[in-house]
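Take a look at the structure below.
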Amino acid sequence: MIDKSTITAANEAAEAALRADYDALGEHLSRRGIDIAAVKDKVAAYGIAIPSWGVGTGGTRFARFPGTGEPATIFDKLDDCGVIHQLTGATPRVSLHIPWDDADPADLFAKAEETGLAFDAMNSNTFQDQPGQAHSYKFGSLSHTDAATRAQAVEHNLYCIELGRKIGSKALTIWVGDGSNFPGQTSFTRQFDRYLDSARQIYAGLPDDWRLFTEHKMFEPAFYSTVVQDWGTNYMIAQALGERAFCLVDLGHHAPNVNIEMIVARLIHAGKLGGFHFNDSKYGDDDLDTGAIDPYRLFLVFNELVDAEGTPGFDPAHMLDQSHNVTDPIESLMNSAMEVQRAYAQALLVDRGALGGYQDDNDALMASETLKAAFRTDVTPILRMARLDKGAAIDPVPAYRRSCYRATVAEARPKADGSGGGIV
Amino acid sequence: MIDKSTITAANEAAEAALRADYDALGEHLSRRGIDIAAVKDKVAAYGIAIPSWGVGTGGTRFARFPGTGEPATIFDKLDDCGVIHQLTGATPRVSLHIPWDDADPADLFAKAEETGLAFDAMNSNTFQDQPGQAHSYKFGSLSHTDAATRAQAVEHNLYCIELGRKIGSKALTIWVGDGSNFPGQTSFTRQFDRYLDSARQIYAGLPDDWRLFTEHKMFEPAFYSTVVQDWGTNYMIAQALGERAFCLVDLGHHAPNVNIEMIVARLIHAGKLGGFHFNDSKYGDDDLDTGAIDPYRLFLVFNELVDAEGTPGFDPAHMLDQSHNVTDPIESLMNSAMEVQRAYAQALLVDRGALGGYQDDNDALMASETLKAAFRTDVTPILRMARLDKGAAIDPVPAYRRSCYRATVAEARPKADGSGGGIV
Amino acid sequence: MIDKSTITAANEAAEAALRADYDALGEHLSRRGIDIAAVKDKVAAYGIAIPSWGVGTGGTRFARFPGTGEPATIFDKLDDCGVIHQLTGATPRVSLHIPWDDADPADLFAKAEETGLAFDAMNSNTFQDQPGQAHSYKFGSLSHTDAATRAQAVEHNLYCIELGRKIGSKALTIWVGDGSNFPGQTSFTRQFDRYLDSARQIYAGLPDDWRLFTEHKMFEPAFYSTVVQDWGTNYMIAQALGERAFCLVDLGHHAPNVNIEMIVARLIHAGKLGGFHFNDSKYGDDDLDTGAIDPYRLFLVFNELVDAEGTPGFDPAHMLDQSHNVTDPIESLMNSAMEVQRAYAQALLVDRGALGGYQDDNDALMASETLKAAFRTDVTPILRMARLDKGAAIDPVPAYRRSCYRATVAEARPKADGSGGGIV
Amino acid sequence: MIDKSTITAANEAAEAALRADYDALGEHLSRRGIDIAAVKDKVAAYGIAIPSWGVGTGGTRFARFPGTGEPATIFDKLDDCGVIHQLTGATPRVSLHIPWDDADPADLFAKAEETGLAFDAMNSNTFQDQPGQAHSYKFGSLSHTDAATRAQAVEHNLYCIELGRKIGSKALTIWVGDGSNFPGQTSFTRQFDRYLDSARQIYAGLPDDWRLFTEHKMFEPAFYSTVVQDWGTNYMIAQALGERAFCLVDLGHHAPNVNIEMIVARLIHAGKLGGFHFNDSKYGDDDLDTGAIDPYRLFLVFNELVDAEGTPGFDPAHMLDQSHNVTDPIESLMNSAMEVQRAYAQALLVDRGALGGYQDDNDALMASETLKAAFRTDVTPILRMARLDKGAAIDPVPAYRRSCYRATVAEARPKADGSGGGIV
């Protein structure tokens, strides 16, 4: 963890300017009929989960260029996640990926306690082969043509649940890359039936207070078809499984031009929105930092979420899922968590009464302006004040840099291997 | 109609070469274990519906360049459709669009008898305002914020059913452009609720032996959101309405790169595939001639359809829906009907036993080759012989050109106005 | 024009809050080392051209739903443009489209004087046929296979230049829809040669102090190929023609996912950026209000423009080009002009020294943050103060609504016809 | 190499059916005025290069699932390439990637002699870091901000030329992943200037009888911008460098919906088409087997190439570039080489006189049909007869399978490591 004095010193230097900005914004919002403190409280209460694998440097199929001080174990990763939460106050939970993060539950629990973190959804991995694995996932996992391979994949998911129960997780997220690279390689229908059959077996093993999240993705690693290719298929799955099955939306997993906020609205309508993997993208599943490419789209998603607040049963899970190829992952995750908070804060500023009126009147221009007015508001002072209040850093990245955390762990951790590509 | 002697003369000149090609193909297919006559019989029995509006020259928002001899009334249109069926033997039904084609049912029936045609699905139009209409559809129809506007749109659909009953139609197709052009302009959720409410009223008026087809479309005329934007929403609608409600797939209504044949498979899996609007596209809803851009994609769709043949309740409707901006619409519709037949014939050639084996073995290359082998086969002789057998033209376009039908009707019909754009 | 007292009254009611916001922003910017007055002066000096056709309600190929008080003549249109400039102070020029706006130059000049406007680039129209036109553009214009049709199109462009000279324009913008709807319909190479040949003839008639802007577009109205399909071809054209030929970038004319700001940078690099048609889009050439869908992308374009300020010969033309289907066009154009100003103001706030340093250091995160910090700043008070200073409206849309301008002209102007679709 | 008797035995079993098919096609083509033997001769003379890296199993950033008998060295790879050429007679050249294939030139030359192969273009690799490399390419190579890194990348390219000279190569292909993942990370303009500066240094080292191919790609591994993002930038580069610099087109490197055959035509027009990396794709740079997804698109590319045959200086290089993740790479490469031949043969069948006439008459339908008629022709007998004539296999994949080549090399070669992802 970072020495508290580093944070305090940085905050002291920045506090006066922050208070001036915060007060000015407060007065401005008050003229718009908004209580800044109420917004700040909601933002302060908001938290988003960190994916354990996000603190390592990512890569592409062409190369991976590791940074210094890469975490070697789940315990290293939890240390990094702890720092992120310490500085932002916004990331109280970590989501584990098995078998990458497999460890003794007691040790995991102890480390979580030490770093001030809890465990979010468990993630299974049946898109890679592990050393010594009996059956290969080269041609699929939950939907494989071979029953033994499917059984192995189901078993692995049940193991993830089992481990998750011991460390306080309450959800399992399933993403598979199953699909095909050639027309004809697979029967869409029989493959989907096999997927459903496997998923039902996993669902049957789900504890009563758990939720199952399935994730759709248009393509990659399969390049002609993917068994859960879009929200329509994902919705069919959630319906087929039962009331504790929900759809997970990763912002980068859709076709070009698709209106994602509308998909979010439809899944809310159907009572099947399970949660999010936040990131941003320009081309495909680019896994860029959330809000880096199209911050207005992120706001529009949060506009739907704030609009749905209070709907019975509405409780989507929020997680980041990014690949940090050219930045320090800790910095990217801090910034991204703050971008999500920013979109949330902006969405809270929407004058929903006025918006509803404009919608009823088909006053498209003023309806649009109502959203834009909220989005344009620079809510930075609100986010900063929420952090200051809870002892986190007003400005996390500079504080982190000043702490020399990265250099410190770089000395303690083994030098990462530059070979290989991708997410491994 | 075209003088039978014109067709006969043309066929006589082409018959010898056709028989040579047909026999050679028959021998080749026989070596592949396929009985050419059985394929020919299935192709001969296949028919696709023509959209009445397809025989007029289409346009874009920028301009419409009418051809000569444009049909001025539904009776002119039926004449044109009659010629298409006479020459191809492949288009026994016509689909009407109301109010464009509104007329006395007895007159419609008589004209159909005269032209050898029957009536396919009825199409309602609530995406344009008609002269004297009480409420405008500028801001929507079935999902409009105003109850009176919605009621008017529902009423219009019920009228379409009423008219359709009198002329032997068995289905209503609903496509609406309702949506929004600005984020915030509409509430996704309330708009969808209004749509569902209106659709339920129409469904309640559906005769027991009718089917209701709803059509999704990603965008245009709405450019930010469309209430039935994709097959996922379309599926939610079909589920909400009941067992006689089905999803219609227009090949041009999807996001870039989307795997359409997989959507077809999913809707078959759900028992909700209602039918098709066939056309081709490179960019958006280009409404180009079927098979003009990506004939393999068309084949892959038919591969799913042939694969599903025999599934209980499986009976999708087939219709062309194209905009003919630079060709004689009669020629384009003839060619497109033959392209659909071609894809069907090719799909019939797939060695499904071998394919299933390769799929079970994850032999992606040979599975792909199995589809390609069917697709590569030039089935032209089969289509031609099927036409010759039923007295249609071996080669419809040259026969049509030789008939001077267009020049003849051009003298009888009023000269079309070049003003205005679009589909009107 | 709107009564000055209406504006004054509205401004008086809003001025106190504006001054508070402006002062607070000034203090904040001062802490960031930025002089708010300098930014305001640059914003105040900025102007964007209005397309004359933009003040009419647009449509799609499916329908056009006219508003009330639609302008019937170019003189009506200039009245509307005058109001836009009166209220925003940001739109000093109007761009004419011939033959739509053809009129006696003296009358045009007089009306411009009266409305406080000047004339921007001239636009030719060879994508529609006009009554009595000798040769049709159904199959192309500047690139048509027929020499007489090409000559007619060239002649029309020369006429546009001639008219433009008389009213003080200094540029001609050429956009053609020439292309094809079918593979094989046209020879890409011969068609391009014909285009170049025609364009050279127009260029030869260009006055020495004029510029020629050619515009690329991926598709629509042609749906398989377009002769000037992208910036690469556009660049080839500008090179082939000469030093007064430049490329025009319409933000909605690119393939999905394309990085437009990078194209802008490349054209700047080549010294061939002629100017912009600003609008926004989610799917295709949606022609939505500028900044309505992706305001960050608009900012990134302006970031390139501000970065290039001062480059010798760098002087791109700025124009809006939108289709207003569901809003009052005057309101949309006012808002869009302000959105462009907003992006410009935000781009002026970028700390370019810091940005360059981060780029040199490959500090991707801080470089991104540097842009985001500028974008996030709510520059509304700057735009408002610039308007107040010049006697325009602090908040143009409410002032416009209060003026009842639309209702007033609706009484004087003929009721628009709802028939037809598209842009006509 | 495969025992000749295996091939002979397979051919003998298939020859009778082939001769029947070939004769029937010959008669059919003769009725269309085409001499089948002339087509066969052109197809027989056609050859395409194999990428050395293509014979290894590819992967994604998520995983790589190696096959059995993976080649461990460039000499293994040349063995595999030799088999491909032996069975197809269509792949006489191999393209090397350095440093992956770095070896003693004499050894390379000897192995090529042994396997009946020659060497095609050399490929440099500055998108990965190699062990012991002084400067990392994490933030770019030829366009890196750091001069020493750029110099290292230039030096590597010059080394590739040097090695290539010794083994008879006549071209260097440069593909770099340089770009950025965040808006602001890089200055588009300065980065491009650095690229040009480095490229000029490489060009200066190019032997007089060599060509330089630069390759554009929209995205991946960079996810916001890529320095050579499209053919427009690629063309600027080729222009800047000189007359021996040309643009390479990889079919999978474009934005969605882009008309690639038109880009090919434009580069031919500019005299700058250098060559191709053939593959197929549905979503992004999927690197699927050529013709597997959209065979008509491949045909349309070859239609342009055949159309340009005979143009002075027109001599594009043809190479496959695919990632074989779920098939035996040897099988995929054989099939893909044959698919390219197929598209070439089909393009040779186009009745160019008729096509030109239809184009002149704007007879879009018949022009389209003219291309379709060529595409629909099943040219398989031509390809097979060309192979039989030269002693290759009538049907290469079954012959390969019967040879047990894979099982044989699997025993001799080390078992590949399943760890890591991507192309390594």
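Letters A, B, C and D mark the chains in the order given here, with residues in each chain numbered from 1 onward.
Heads up, the rule we're going with is that a residue touches a chain if its C-beta (ideal position, glycine included) is under 8 Å from a C-beta of that chain, and two chains touch if they have at least 3 such contacts.
Chains and their UniProt names: A, B, C, D = L-rhamnose isomerase / sugar isomerase.
Nothing here was measured: the structure is a model prediction, and the numbers come from that model.
Compared with chain B, the chain whose C-alpha mean position is the greatest distance off is A. Chain C is reached from chain B by a rotation of 180°, derived from superposing Cα atoms (nearest 5).
Taking each chain's centre as the mean of its C-alpha atoms, chain A lies 39 Å from chain D. Spacing of chain A relative to chain B, judged by their CA centroids, is 42 angstrom. Across the assembly, chain A contributes residues 138-139, 180-183, 185, 218-219, 224, 256-257, 259, 282-283, 289, 292-293, 296, 326-327, 362, 364-365, 368 that each touch 2 or more other chains.
Within the complex, the chain A residues that touch chain C are 17, 20-21, 24, 27-28, 31, 256-257, 259, 282-283, 289, 291-297, 326-328, 331-332, 335, 362, 364-366, 368-369, 372, 375-378, 380, 397. Those residues of chain A lying in contact with chain D across their complex are 58-63, 65, 127-129, 131, 136-139, 177, 180-183, 185, 218-221, 223-224, 256, 281-284, 286-289, 292-293, 323, 325-327, 418-424. Residues of chain A that touch chain B in their complex: 138-139, 145, 180-190, 192-193, 218-219, 224-225, 229-233, 235-236, 254-259, 261-263, 265-266, 268-270, 296, 300, 303-304, 307-308, 355-356, 358-362, 364-365, 367-368, 370-371.
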